[in-house]
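To keep things clear, I will list the structure first and then write my remarks on it.
When the chains are written out, they are named A, B, C and D in that same order, and each has its own residue count from 1.
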């Protein structure tokens, strides 16, 4: 019979980026904590799914203020520009953009990227939900611009291209602008180590 | 009010080697699991301290087979050499030695190393418990050799030296041998990158 | 007396990024090559300074086609836009920009960055030469834009700021635009790991 | 026509561990040195093969004191134990062992390791030369022990095994001991991260 040490180490080894050795170190770390702490941690994990909803509009996880809220605080807010929608790959992208205070529109969490080996998204990516989100209400869409904000790598570009084509076909006639994040020098990069696409954009976007 | 997402991320950021960003990634990972899984993980954490004892003889954590066992399966075993005691810094060291099947004596978990800046161990290190462990029963000690098995680095050497002196003063008259792990080429090392102490030992211990 | 092995290793250990161990490995590598190869390498090093000039206009190193050329092939070319001048920190920056084919103006190699601890450049940075380069010929300057193309880090920003102020004071009245490379997502970056300044620029420069 | 910059960068990119980008950085580094320095470097490279011999006995590279020496200072020395021969893979291994002052016998440089995919050494490895080196002079061999001192990895073990078998067949009857470097904890290793073979040796060689 495997002990609870091994079973818990097995659980932790499923965490992103954690191997069996670090998983075991987590268990020994917990063994050295007092029972009250373990009680809190255990409770917090149990409460996670109960206290966190997935927003029915942007699909990010959020803590509802009142129990039966269906919308996260960003989608519910009156202080945000409802004309702009930023499509991101995952929840943590929203955290980064919010921290920058550079955007006050709405978001949509796609849930992943399209692998280079695939021509279209699988079930884990919310293509249908995005199209539904963009449907005009009473014949009218408030959205004037969709920013496809994928990572600046080959998978991100592949995903961007797919959704650009999809959305252009559907929305171009409706005067919705489809845009992408600007490329250029990001903090820490140098000309010497930059590729053609970064240099070209950095020159085009010079200020 | 901080949400359960932030509170759980805060918990995980206390795990060894985990920063705030990876802690948050753990939380989003858990949000994507189903409730049954979170229930199991939560239970396993809660059960950890309840199901795991600390052995009163070697101080390692262990799963007791019957509820009121005071000794771990290694200390209780009749198949192990009670004449040898290996003093290790932490629980996971025992796992590695057991996996090697190269040792069948008993262990003692010291609980840490003595920092270079200290001359003697602090409370977290079981000096008193070790001395008590070594006390003869009915005027007789079964132990004939103590292996001080610390890591081969400056802190490990410092700790070895402290306990070597301590134990030699107490036990030399009683015919207990105090030994240390042999040095030499460990798997993966090359002469070109080895220091004097490793090369000297590798030559001395040549076979 | 130190042998030629040690002396040559000492030479190589001065190469950028090379420690004494790798320097010695270089020497043993050369010992295993045939004499003809060493002859060529030795010759090439000797010829380097003889065959390479520093351009008197942009200060980059270049191979003169005819012996007494004073200008590099970029400064001499009739196919490049003389109205634009890109100020870079070092020679290899030019190689990267040229490889991108995104720019056809002229360059100026500053020779380094201003350390954060300094308010103004030291002798190694060609401030005077830059000012001289920008002097109008016959009362007229062909240059309409100067791109200050420093790396996107704190030292680069510090240097940019210094030269922006310097050049603005001197040239603003003369209708020369002073610009900087655009910031944004560079190849390989993700929203999750991006700082405020990169996200803000990526949004501002969205396309 | 490629310039001397490109040709020299091409030369440097053949150096062990150096890619095209670092090779180019080497060239720009040299361009910034004065001509006297380049002259010295160029000379030192040219003199390398002229001033350095390969010892006809141990096959290491060495600087001969008088022009027509055939033996390196180690093989020529009267202060070293001629009864012991350490077989190493490459020259730099000798430097490390000498630095440790733990050995005063003689050496033999094999020139490489046998790849795991091969059953026997190729031409680059001095098998024949080793056998010749071990031949008794006037019916008598001074050597009483051969230490096969390969790196502690799979290729090293493979090479050790090959030469152990070869030498045992030839020399076992002649009372020459064939030995290997001792294994154990090398500086920097910990029990937790050690493999079975290292732990087993560390226990066996405990002191």
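Miscellaneous remarks
Here is the rule we go by: contacts are C-beta pairs under 8 Å (C-beta built on N, C-alpha and C of every residue); 3 or more make two chains touch, one makes a residue touch a chain.
Quantities reported herein were computed from a predicted structural model and do not represent experimental measurements.
Traced through touching neighbours, the fewest hops from subunit A to subunit C number 1.
Averaging Cα atoms per chain gives one point for each, and the point farthest from that of subunit A is the centre of D.
With centres defined as mean CA coordinates, subunit D is found 41 Å away from subunit C. Between the Cα centres of subunit A and subunit D there is a gap of 54 Å. Looking at subunit A, residues 90, 92, 95, 192 sit in touch with two or more other chains.
Residues 88-90, 92-93, 95-97, 99-103, 147, 149, 151-153, 156, 179-207 of subunit D are the ones touching subunit B in the complex. Subunit C contributes residues 3-5, 7-8, 11, 15-17, 22, 24-31, 35, 38-49, 51-52, 61-63, 90-92, 95 to its touches with subunit D in the complex.
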